[in-house]
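Chain naming follows the written order as A, B, C, D and E, and within any one chain the residues start at number 1.
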Amino acid sequence: MSLDFSRNVHFVWALLPEIVLCAWGIGVLLAGVSGRRDPRRAGGEGAVEALPSDDLGWLTLVGIAVAALANGWLHGVTEIGASSMIAVDGFRLFANWIFLLAAAFGVVMSFTYVWRQRLQAGEFYALILFATAGMMFMAGARDLIVVFLGLEVMSISVYALTAFNRRDRRSAEAGLKYFLLGAFSTGFFLYGLALTYGATGSTNVTAIALAVENGAATPGLLVAGVALLAVGFAFKVSAVPFHMWTPDVYEGAPTPVTAFMSVAVKAAAFVAFFRVFLVAFGGAYASWYPLMWWLAAVTMVVANLVALAQTNVKRMLAYSSVAHAGYLLVALTAANEQATAGMLFYLLVYAVMNMGAFAVVLAVGRQAEDNLQLDDYAGLGNRHPLLGVFLTVFLLSLAGFPGTGGFMGKIFLLQGAAESGLWTLSVVLVLTTVVSYYYYLRLAWYTWMRDPILDDQHEGVFVPLSLRMALAMGVAVVLFLGIFPGGFMALARESAQGLAGVGTLLLGMAP
Amino acid sequence: MLSQALVLSAVLFVIGTFGVLVRRNAIIMFLCIELQLNAVNLSLVALSRAVGIDGQVFVFFVMTVAAAEAAVGLAIIISIFRHYETVNVDSFNLLKW
Amino acid sequence: MAEILFFVFATVAVGSALGVVMGRSPVASLLFMVMTLASVAGIYVLLEAHFLAAIQVIVYAGAIMVLFMFVIMLLNLGHDYQRDLRGGLFALVAFVVSGAMAGLLARRFGGDEALFPFLEGADAIDAALVEKGALGVIAEPLFTTYVVPFEITGILLLVAIVGALVLAKRRAS
Amino acid sequence: MTAFLEAIGYGSWGLHALVWLPLLGVAPVLVGPESRAKKVAFWWSAGVFVLSLGLWWSFVPGSAELQMASERPWIGAWGVHYALGVDGISLFMVLLTTFTTPVAILGAFNYIQKKERGFYALMLLLETGVVGVFLATDLFLFYVFFELTLVPMYFIVGVWGGERRVYAAVKFFLYTAFGSLLMLVAILYLHARAGALSGDPSFLIADLMRVPLSLQEQLWLFGAFALAFSIKVPLFPLHTWLPDAHVEAPTPGSVVLAAVLLKMGTYGFLRFLLPLFPAASAHPAVVSTMMILGVVGIIYAAWVAAVQPDAKKLVAYTSVAHMGFVVIGVFALTVNGLQGGLVVMISHGISTGALFLLLGMLYERRHTRLIAEFGGLARVAPMLATAFVITALASIGLPGTSGFVGEFLALLGAFEARPLLAILATTGVIFAGYYMLPMVQKVFFNALDRDENRQVADLSPREIAILAPLVVLMVGIGVNPAPIMERMEPSVRAVIERVEGVEVDLGLAELGVRADIDDPDEPESPEVAQ
Amino acid sequence: MSASLGMFWLDGAESAAAFDPVLPGLIVLLPLLGFLANGWLALRHAERSADAVRRGEELDLDTGGRPSTHTLPSLIGPGVLLASFALVVVNFVRMSAVELHDPVVVRYWTWMATGTFTVDAALQFDQLSMIMMLVVTGVGFLIHVFSVGYMKDDPGYPRYFAYLNLFVFFMLVLVTGASFPVMFVGWEGVGLCSYLLIGFWFGDREKSDAGKKAFIVNRIGDFGFLVALFILFINFQTLDFVTVFGEAPEALTYGGGVVTAITLFLLLGAAGKSAQIPLYVWLPDAMAGPTPVSALIHAATMVTAGVYMVARASVLFALSPVGSVTVAGVGVATALFAATIALTQTDIKKVLAYSTVSQLGYMFLGVGVGAYAAGVFHLMTHAFFKALLFLGSGAVIHSMHHALHHTHNPADAQDMRNMGGMRRFMPFTALAMWIATLAIAGIWPFAGFFSKDEIIWYAGAAAVGPYAGLYTVYWVLALAAAMLTAFYMTRMMVMTFHGANRTGDEESKHLHEAPWTMTVPLGVLAVLSMFGGWINVPEAIRESFLGLGGALPMSEWLHHWLEPITHAATQVREEALLAAGALAGQEHDYGFLHHAPFGGGELTWALVSTVAAAVVVAGTVLWVRGWSLAPASESPEPTGFRKVLYDKWYVDELYDRIIVQPLLAVSRFFWRFIDQVIIDGFVNVVGGGARAVGWFVSLFQTGSVNTYAFVITLGVLAILGAVVAGG
């Protein structure tokens, strides 16, 4: 099927996955509030034996599956005619897969958590679905205003999700911080949007690109707009120095939410970041290239160094996710097709490995916010060997070790950097990777090389079957991507083809 | 008048920013953020004079967003107030370092 | 005339914006905020955005600010007033930083219309205003070109409602 | 034998089996009961060793070509190949690995008391990694295996190690990872250059060798590669991870570490550093630097070893000294030096591996490694003492043992290149006695004045089975190394010709023409000849 | 030996014009087999005794059953030596039957082959190696036999023979190796055996230390040896003797830097092995080993390896006057220096040890002055009389040990002050040792007279070419050392065998003559010490020699026998001297050596020296007998210069102070400071620094939203600033 956006109804087809998700979200919401289930009755903390009824969760999963079907269907669809606000290209669809994957993983992780924490399941799952829809809007947006609105749908959902656990002060605190700073950064983003609009006369990515390349854009406003938009995106991808919220929010948010947003929000922000900067501002590469260079370098260095000092595992993983943003920024700095494909591939791998790691954190935390300190992981490998192995694989992948998807992803990014001749940045990347080894390995050594703590607090680590399967699949995917990355790499490469590659044109500008 | 309006919006924006930096009261911080959004709206309107009507449409969207944010944001503030009995952000420091 | 009005509005806007920041109580800040919004609405009028000016006053100053007020009342913040304005070095540095930012931004807008040589300019808009009316000029793109964003705002509001509902509900136990 | 191997098609699947069979063995080890893990692992690795022996016969001596080579695309878009092959250099490294692994596993039977399944699984995983390193003919594949070896070793040291095991494991890991990651950037640079040159990216060494690089580039890349390999070797002053890792590692870990992991560094010199960056390798300043570092390593490590109170640490430092011989041999860039270096690698693998096994046996008996705690053991454990003395002598290069052949040739080769440095290095012969003999004396000789030592048991049949083949090899290679050397000579010669032919290559490359190094008819410009 | 076998080898010798060695490999292999057999027995025995030790019992040879711990080693050990010796004799006879000019090289397999460097596992049979093999296997066999008696009750009996056989194996490899590397195998191998045998009683810390010291000091020499090899290799591209020595005169410049370097490094190697200044210090300590070991290794064979090597490489030394004069200088200095120390020693084995060092110095002097045959000659005679002296002293110690053991007297069995009058208890030993003493003192017509006087004579006569002045000094010093030798040897004999017995009344009852296994070798060696020198009677005195005159087969037989080995060197020297005009006016027939520095012919000086030595001997006997000696426990400490000599000029202390301790200190410094503080410190600082920086930066994460917003604003400012400034 081909879509012609001169007919508005075609937007329905183009946005089918989003629509499915939104509709399903409303459905889940209604199912949730129809009150068949009383969370207070269903169980409580301490009652581990009885499995909760996960029906809402499964319902959500079905929704995600339907959206996935729709997304798959879109692969066979082509755009014709003038480019519209909504892109139907591989880039968007690949990103959608990542969001859906993350959402599904997040939902599976939440099953027991929602029940143990007595959260309102309907709203919870609905917000996940809405957030996912928001991300999809961002990924498909070819108009800054759609990016902005997608961003807001996503953000507001995630703000709510972060503060969702009303019984937990940390959750509320995280929610507040996230919200205040998020809104603050939205201001910058919006300002950037306004200036870009003023400079180029449009918010459509294609139109902006045209204006920028023609030199028609007002340079004075454009650079300021670019800078402020970069700030907005940098905040969402949590690049240093706009990362300050990340550790606090990741630590405080409910673990499944942390897992979800550490992956999906970052992915969505990056996808939009790439589309806006590579397509719209491709012609102004020279002006934002040093910006990204420094942003990437500073992010990698600071995040990895600070992660060294963490003793809280969630917080450590938060810094780790900041560091990964740095790696991805290298791809943005390289700004070529290879790097873009690498970014997509990396995000895919990152989604699996990071959520996997958080899933283990969740299990060790007894489906709650317990046992988050490094010390609590002492001897985990002895008590729960399989969990230990899973954690180790995910950590190795995060560290970028051969045999895991993380390695291939990193190589992909480095290849992109190489194509643009970013050798210094590559060196920074690998050196900071060495630093990151330390803290990933530290978790591994607590897991395997310390004597287990045997006390009540560490009893009751409980991994429901669904999560267990998800973990196993995650490990399998991580290893598969590490050993046979070819297929997905080809897909990523194909998906990245739609975006212009500008980096290679400007070789030799490396500072 | 366009330039002046833009300058004014910049000034308002920066005042909002400054407010976020120096106020401890979460609600006032949020107010300052609203001020920023408002400043952006002003520049959008001003630019729309030069660029086209789209800018005014955007203002419409921004207001919606502001409203949505206000709803959720205030809810979060209420939620946290229930824990701390205050909205002073310096009190919220379970999460740090 | 317009120029003078602009400067009056601008002065009031900046003054009351400063009032928002410096206000001694949340309620005071809120009222200053309303004043700012109103002055900006005035400038909207000067910029021929009449519909937005109305929305600004009705929705923004009227509805959203009232929501703020409710919350302030609800949390009874007027009484737990404390000196929440940061002072000292932090404020000084913040001021310098903000000032620098303002300078940087303002420098961009130095010249006048010369900034936008390629644009149709105000005349086109004035023409459209005459043709479609203040409402039509916004409504048309809103429901044609921007129908997708418009629908997204629907989702956005839904999300906001759900979120607010979940978060502000009384504690479960 | 050769006919039999041909009949079963060994040439086509042998290498793949050698790489992947150990990995396959992880499954039965993990699935079976804890108590059987060690036996399964041992017999499995012994089977791999038997299989690897086929290499000896199916390898055709006298050829510098890669043999049994195969390649198929792995990651097509980047030109990454799953390419394996064996030549005279890697042949012995592979055999050393497959030989060492079962020996080390056998040596672990009593030492490893907890989480046995995990341990033996990691040992097999490690074997896969190391064999892969030695067989890979694709730089990317090599790097993957190179890094892959770190993880099992990290856990072997960290989980089953001594008191400061975590410190040692992390130090080991970070040190080596630091080097190899920088090498990764260099690899990618090389790859980018190769891709830009031919338009068809490839990581195959053969393709990368065609990339014309300026001297400047070569020096940079050389630095990155050399750093990675030098840390692995380890070369002074990058060696401080080694004593810690060795002391803390469990016996089998130390054995594998010393016997094969360190060889990955020097193997990297031979396989990658010299052929890929011939101009940099032959650069006088580089040669001098590397050789000086080697010499310093020899002397410095010997001295430091001599004052160690911990026997295992002592042996660890001797590794540094021995690898110094390899380095000076390799960077002498002479046929003698390179072959000497290779023989030292083999010899060091056997003798130092044996020393670690022996120290492990001592540790199992006395639960200490402090030299001062021992004394007079020769009276109660004559077999142990005999084996130890023979091994120690092989280690310090007594003629008639493998150590001598290697060191002699390495020094000879070094002398051809840098006489003064070689003379300094030769003092290592003296200092070898200076560190080794006092240790032997204090442990096995002197008075048997401690009651704990009086009860030390002699070798068990299992331990004899471990040590006997090692001792036989030490003496066997010492007496008749020729079969080994005739197999490695053509490959070594090819490396040297590559390095020596470089200036031709460079000169023409600047004119946009690439000289075919292998073509002997290529006219050489006169200034190149000298 | 059956007649048919006899026919076989004689046939071979007659029919073939060339020398065709009989079972050459077996000569070398037999001791190795002996080692393996004995080694296996030793391990078995050690296993059993280890059990005993664990039970807290004492070791006993009977533990393992006498046959396998004693009888078998007693048969195997000397047996393989006897067989080897027989084979050597057969080959010697066959070699003497033919005119052999070029060495016969037997190749077994390629040892090392790199492509540019090849060395075969090959043995070389020529006149020199034949002489050496005769000495090694012959004297070796006698000492093995002696050991059977001497070590009879030692708990390590089979191990002892295993080591001894291994030693002979390596010694044979050393003397027959056809290339420098193969020679080096033997060279280090004997060092190893020396190490093992010195520390044979390893339970004793000091003995163990002595073994270690020997090995390490030897390794210093080996370092020199190796470097010499490297230099040789780059000049010849091979290390085979035949090629190197064949090409040397053409390939190397006479007196050039290369050959000088080669010879000096070789000298370092030789000095290590042959205990010359400055590396002699290990040999006196090596007396810690069983006495037969001292006789075999540290007197007769191993320590002469350096002399053998110089003789083997005579061409090279001839090419380097500097090298030669250094060799000679080191030799004579050692001879004199060691002799002075021997003057005051009271330990019988120490006296002999320094005497050995001193005599080795003579040999070095010999090969240094170009008298290679003379050096080898002295090597041979020295093997006889010094082995005899050691074995004799061993018999005495054995006896003393028994006596002291019986009475549980802790006194030192080796201290001569505890002896005295021993000839009454062991007359045969006394007689044999007197013969050896006269031989070493250089009294006509004992073996030592011929060999030592020849060396001294050549030293004097060498003062015609380069460094004539130096050679003259050497000559004087050598003469002085000869007198000292006569003195300290006589002193030793008198203190041991004459005067009153000081062992103790009770103890003296247990002193007795040694068993036959010990006395028979003494007897044989005594005969050799008597007549061994006659194989090389100088031409000048042949006619008058004992009136035997023409009855001797030939004068200077050894010279002629070694002619094929040394002629190249002699030729080089002569040509050089001729070219320099140094031989102008000299009669030029066999050699160039006809006059001593102060005039007088060979005969004159022979007479002078023997008379002088005889006078010293006689005088000493009278003087020392007059001393009032007391047992060691009652003797006062020596004082003054005597103490300096008694404490060996404090050389060990000096070495300890300037080499060993500084080395240890530097090593510790390297470890504790460079390794742990600098390098590891750097590594840890980097690691710790990273963590500290991380910690510090994390402090900005105050938890306050204002701060976060502030940082974000700073970031915005930075970005805006950069972009605005840039754009």
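What we mean here is this: a residue touches a chain if its C-beta (ideal position, glycine included) is under 8 Å from a C-beta of that chain, and two chains touch if they have at least 3 such contacts.
On a predicted model such as this, the values are computed, not experimentally measured, just so you know.
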item	value
Third chains touching both subunit C and subunit B	A, E
Shared interface partners, meaning chains that touch subunit A and subunit E	B, C, D
Most widely separated chain from subunit A, with each centre as the mean of CA atoms	E
Chain ID, smallest distance between chain and overall C-alpha centroids	D
Identity of the chain that, by mean CA position, is farthest from subunit B	E
Euclidean distance of C-alpha centroids - subunit D vs subunit E, Å	38
Between subunit B and subunit E, centroid-to-centroid distance (C-alpha), Å	96
Centre-of-Cα separation between subunit B and subunit A, whole angstrom	25
Interchain centroid distance [CA atoms averaged], subunit B/subunit D, Å	64
Sequence positions of subunit A contacting 2 or more other chains	145, 149, 152, 156, 159-160, 163, 166, 175-177, 180, 184, 195, 198, 201, 220, 224, 247-248, 309, 438
For subunit E, residues that touch 2 or more chains besides their own	687, 698, 701, 703, 705-706, 709-710, 713-714, 716, 720, 724
Where subunit C touches two or more other chains at once, by residue number	86, 90, 94, 97-98, 101, 104-105, 108-110, 115-116, 119, 146, 149, 153, 156, 159-160, 163-167, 171
Interchain pairs in contact, sorted by label	A-B, A-C, A-D, A-E, B-C, B-E, C-E, D-E
Subunit D residues touching subunit A - in the complex, by the definition given at the top	74-78, 115, 118, 143-145, 147-148, 150-151, 154-155, 158-159, 165-166, 169-170, 173-174, 177-178, 181-182, 184-185, 188-189, 191-192
Footprint of subunit C on subunit E - complex, ascending	706, 710, 713-714, 716-717, 720-721, 724
Contacting residues of subunit A [partner subunit E, same complex]	176-177, 180-181, 184-185, 188, 219-220, 222-224, 226-228, 230-231, 234-235, 240-242, 244-245, 247-248, 287-288, 290-291, 294-295, 302, 304-310, 435, 438
Contact footprint of subunit D on subunit A as seen in their complex	382, 385, 396, 401-403, 407-408, 411, 414-415, 418-419, 423, 426-427, 430-431, 433-434, 437-438, 441-442, 444-445, 448-449, 485-486, 489-490, 493
Interfacial residue positions of subunit E with respect to subunit A in the complex	687, 690-691, 693-695, 697-698, 700-701, 703, 705, 707-709, 711-712, 714-716, 718-720, 722-724, 726-727
